[in-house]
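Alright, structures below, take your time with them.
What follows is chain A paired twice: with chain B in the first complex and chain C in the second.
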Partner chain A sequence: MRAKRISIYNMVVSVVLIAPLIVAVVVAFNPGEYMLFPPDGFSFVWFAAVLGNEAFMSSLLFSVQVALIVMVLGLAIGVPAAVALVRNRGTALTMTRFAVLGPLVVPEILLALGMLILFTSGLGIGGGLLPMVLGHTIIALPLSVQVLAAGLAQIDAALESAAWTLGASRTRAFLTVTLPQALPAILGSAVFTFIVSFDNINISLFLAKPGEVTLPIQMYEYLGFRADPTVAAMSAMLVGLGLIAFIIASRLGAVKHIDRVGGM
Partner chain B sequence: MDTNGNADGKNDYLQIREVFKVYGGGGGVRSVSVGVGRGDMLVLLGPSGCGKTTLLRAIAGLAEVDSGTVSVGGDDITRAPTHRRNVGMVFQTWALFPHMTVAKNVGYGLRMQGVDRAEIDERVATALAMVRMDQFADRKPKQLSGGQQQRVALARAIVTQPRVLLLDEPLSSLDYRIRVSLRSELRRLQKSLGVTGVYVTHDYSEALALGDRIAVMRDGVIVELGTPREIFVRPRHRYTAEFLNVGNLLQCRQVDASDDVVRVEVLGQTISLERDGATTGPVEWLCLPHRAARIGGPGQRLTGRLSEVEYEAGGAVCTVMLDDAGVEIVCHQELDADTTLEVGGSVQVSLDLSEAFPVLDEPTAGAMLREQMTVEEIGS
Partner chain C sequence: MAEDIHLVTPVIDEMRPGRQRRSRNRSAVRGWALAAPVLIISLALFVVPTFEVLRYSFLGENGGVSLERFGKFFGDAFYLKILANTLGLALVTTVITAVLALPFAYALATKPGLQKFQLFALLSPLLINGVVRIFGLQVLLAAINKGLLALGVIQSPLPLLYSVYGIVIGLVLVMFPFMAIAIFASVSKIDDSLLEAARTLGANKFRVFIDIVLPLARPGLMVGSILTFTGASGSYFVPAMMGGNTTITMPVLVFNSVSQMGQWPFGAAVAIVLVTVIMPLLVYSSRKAFSGQDAES
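Showing the complex of A and B:
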């Protein structure tokens, strides 16, 4: 009885969560100029249109470029930070925790404003790729570190000690024993960071340079003057790509670490 | 005095001198000195929090000592990083690398030493055969039972021919039967390899079975150090006698003492004890070995009430509350058809007090030192 009630609850929640995605995907197959739901036909014309749209393609490329750099940067900072969080104690740790988790509790729009002022008048680097990468890294880091720390915390600290007693230096022990086991968490964190950057709109809005905008902003701006299903077709392709990435990541065991963070 | 025992031997292969490692919470070790002869096994025995694991980790370099020295074969390794110490260690959780096969696990240390592949294969095979795990070389640790994982961990620790083999309660998470069979196997292996070992445990039967010498620890210091026989047959300290369950401990009053004989009053009787070198000051506690207390039995008997009976292999452990003295006596009783043991019933206990020996009941050096340090801390 109880189990059944839970499953109905689950179904309702799932439908609510998935419905907008389904609508966006279905709408993309409209043959006409308008985003009708349900669609009044079936065609791929808007998919062709989006692939031929230079503005969309260049923002997609820019978004991917930013997200990839953020991903690498996020790991480069996140892995050492997570190791410090999991293995150490003391004031350095408290500071790391603050630095890494701080952005999580501050409204993103405030961070965005601060970054804009810092990057333009403070550092004089204006808008564009570099500020965008820095901005996204700052907001992605708290989550990516949490994912990494959750993964690393699962690894018995005695394993590394054992490697030391067997003649492995600290670095070598980390590389040969800890890292291989942290791989799923690292992968999960990488996927996560990519998504956070790719999805972001607040920070991007403030730091974008005219003619060099990320995909979400491009889509939003496009909707401002045209209501045809181009945006829906773009969304449908992203949903497809996202699904493939998720399946690959979960096959590699990367998703469970994100899950664990969700439950904290 | 007991702390040093015969550890002063300059020829000991592994030497620990005046090692301090104090943790904020009060744990750790204080001024511990002990030595282990080449090919010998030293067992560090004590309850949790007595500092035995800290000492082991200090030897391994996993805990940095505050002061004192650790040396192996004459080389001072106190400040050497763990990976340069050439120690083998078996962890309580075995700590096998889960992403490697058994063979890869065992070969890890050799790969770190840069041994060439053919030799690694050969030595791994030999080590696995030694612990009878050669059938499982290609398995992952997860596919093995606890006892099998323990054997692999042991093979991994000895394959590099370490100068010292360190074992941190390696059997504590195994079933009783496996524990007993593995411990005799471990003893044989350690002796046949001739490797110098330090073994940490809280289980006195394990200590008695494995150790060439046993260091009984409490509050961060070694209370007593000796061979299993010395420690078990004639413990010097009340703490040791209690921890090893050697016998009944009886409070007594010294009535008369000369240079070589002490007369004490215990349970309404006055007995003479030979004064032995280790004992100074008035005798306050006696240890009466379990064999000297029997329900029934010959000689003078004391009346008491049987308060508890616990059956075990070969007999029963009976607790008797003596009527006059108000003292509890534990008898390890052999069972025969005639004996009836009824809890709450009246029984006659015979105590052979000539078997009793004096034990010291003084606060350990560690406890005193800690008190001193606390006073200093408050003072400063």
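Showing the complex of A and C:
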């Protein structure tokens, strides 16, 4: 076997890309009040501090809550949309494409302001759980539907038509033949939808209200007036979760879509 | 991904035994029914909010339709500077990111040693929220400054943090994966025999790169540059965290107008100005997306 050539430049760039994450994790083990890198000791004080911090824990809970609802809503809307994208023709296909991909084209900041206006002056509720869920759903759908559509497109349509030729109803053929094959794509899309919601900054920034703040915004606001390693400890835990998500995503063969997740 | 859809649709069409009108109508109805949820939610949460921002931007101080907000923006050098800053930062970021990502993507395709590690380094940061990544970068840059000072390389700290340089460093870090993957999609399709032929005919590495790799990488460079430019000009948290009030950009101005000054119509006008300026790029990228072509290919 011929040894594969290694590019030194690429190794350097790769290390630079993950360095900020490593630094954020390492700093969390500082025993003192300051964010020293390299740390001047080793302790879990700040992990204990963040676990005991009411604001961080309640926004973590809120973020998970929002992301789980967005995940379910995303699949409920995304699966039929993906089937429509793969099977529709003509006007229906054009409209579906526009509905799915449109939100990707407009800057998030504009959508965020638009939704704030809509939810405040239109519906009188301002920010909070429901607006946050709806806002994250519209941002996550383009990615989630594309992952689903890519998965569905790989499935041999002949199998489903064989099933209904042999007497299964359309619905039954879809549910028992196509859907099980699409399961990896569905799981991949669910994981991504969760991450898009959990990591979102722009929409959450506009639609947060006191007591209903997502974790990234809580961290951002905390950094604005305090500089102790609490945020680092929270970051370290999130990096751990991110690693787990990466492993799940690569197992599901969804790694090739990850580049669409990252918020800007 | 969207390309695959095109490959499959005709197959399904042929499979459809329902040549009769009744069956065709039924499948059309089914198609609309499947699309209905996404059409409704997209209308309510994408089309309506976009028009709401547009409507707000034309609200006059005393009601009615007016151009006051735009007059305020374009009549004040302070705001025009913010627009220029935003576009300048996005442009510089795009150029730097392209120059750094092109050799990276090319080597990722041609020297696959430790490719898994490279993909991990490229993609895993995208699963962690940007606040964490920029926070890590802040600590890292501060440590670099401290290290250089201790070594006596520099006499005073470099302006890496809370400066316009800091914003560029942050934006390049955040946008690099998007650019690299877009270019990789193009360069990984380059036929090895082309490079082989060029070398056999006497071209050196540099000539091969300029004459063969670069032209073939162009589609990826275009897509990556549009993603990077629009991403950089629309980013709120990078300028907010790395700039430290030294350099305000359009998204920061939008948020501050809305949250701190309560000037929603002015914030809306700023957002509309930003979108209008980057519209040609948005139209180009959406044409690619809507034509059913994967944005990355």
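Throughout what follows, the second predicted complex is superposed on the first by the 235 of 264 C-alpha atoms of A that agree within 3 Å, B and C clash if a C-alpha of one lies under 4 Å from a C-alpha of the other, contacts with A are read in each partner's own complex, and residues count from 1 in each chain.
Keep this in mind: a residue touches a chain if its C-beta (ideal position, glycine included) is under 8 Å from a C-beta of that chain, and two chains touch if they have at least 3 such contacts.
Everything numeric here is computed off the predicted structure, so don't read it as measured data.
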Practice task
Kindly classify A:158 by the partners it touches after superposition: chain B alone (first), chain C alone (second), both, or neither?
Solution key: both
Practice task
Considering only touches as defined above, state whether A:135 meets chain B (first), chain C (second), both or neither.
Solution key: second
Practice task
Could you look at A:180 and tell me whether it touches chain B, chain C, both or neither (first, second, both, neither)?
Solution key: first
Problem - First (chain B), second (chain C), both or neither touched by A:239 - result: second
Practice task
Could you say whether A:166 touches chain B, chain C, both of them, or neither, answering first, second, both or neither?
Solution key: first
Exercise for the section: Quick one: classify A:41 as touching chain B (first), chain C (second), both or neither. Expected result: neither
Handout entry: Dominant toucher of chain A (residue count), chain B or chain C
Key = C
Completion exercise
The intersection of the chain A residues contacting chain B with those contacting chain C is 158, 161, 165, 170
Problem - Interfacial residue positions of chain A with respect to chain B in the complex - result: 156, 158-159, 161-170, 172-173, 176-177, 180-181
Practice task
Please name which positions on chain C make contact with chain A in the complex.
Solution key: 1-2, 4-5, 7-9, 11-13, 15-17, 28, 30-39, 41-43, 45-53, 56, 100, 103-104, 107-108, 110-115, 117-137, 139-140, 142-143, 173-178, 181, 230-237, 240-241, 251, 254-255, 258, 264, 267-268, 271-272, 274-275, 278, 282, 285-286, 289-290, 292, 296
Fill in the blank from the handout: Listed in rising order, chain B residues that touch chain A in their complex are 60-62, 81-89, 91-93, 95-99, 108-109, 112-113, 156-157, 160, 166
Completion exercise
chain A contacts chain C in the complex at 3-7, 9-11, 13-24, 27, 35, 37-38, 76-78, 80-81, 83-89, 92, 94-111, 113-118, 122, 134-135, 137-138, 141, 145-147, 149-150, 153-154, 157-158, 161, 165, 170, 195, 198-202, 205-206, 215-216, 219-220, 223, 231-232, 235, 238-239, 242-243, 245-246, 249, 255, 257-259, 261-264
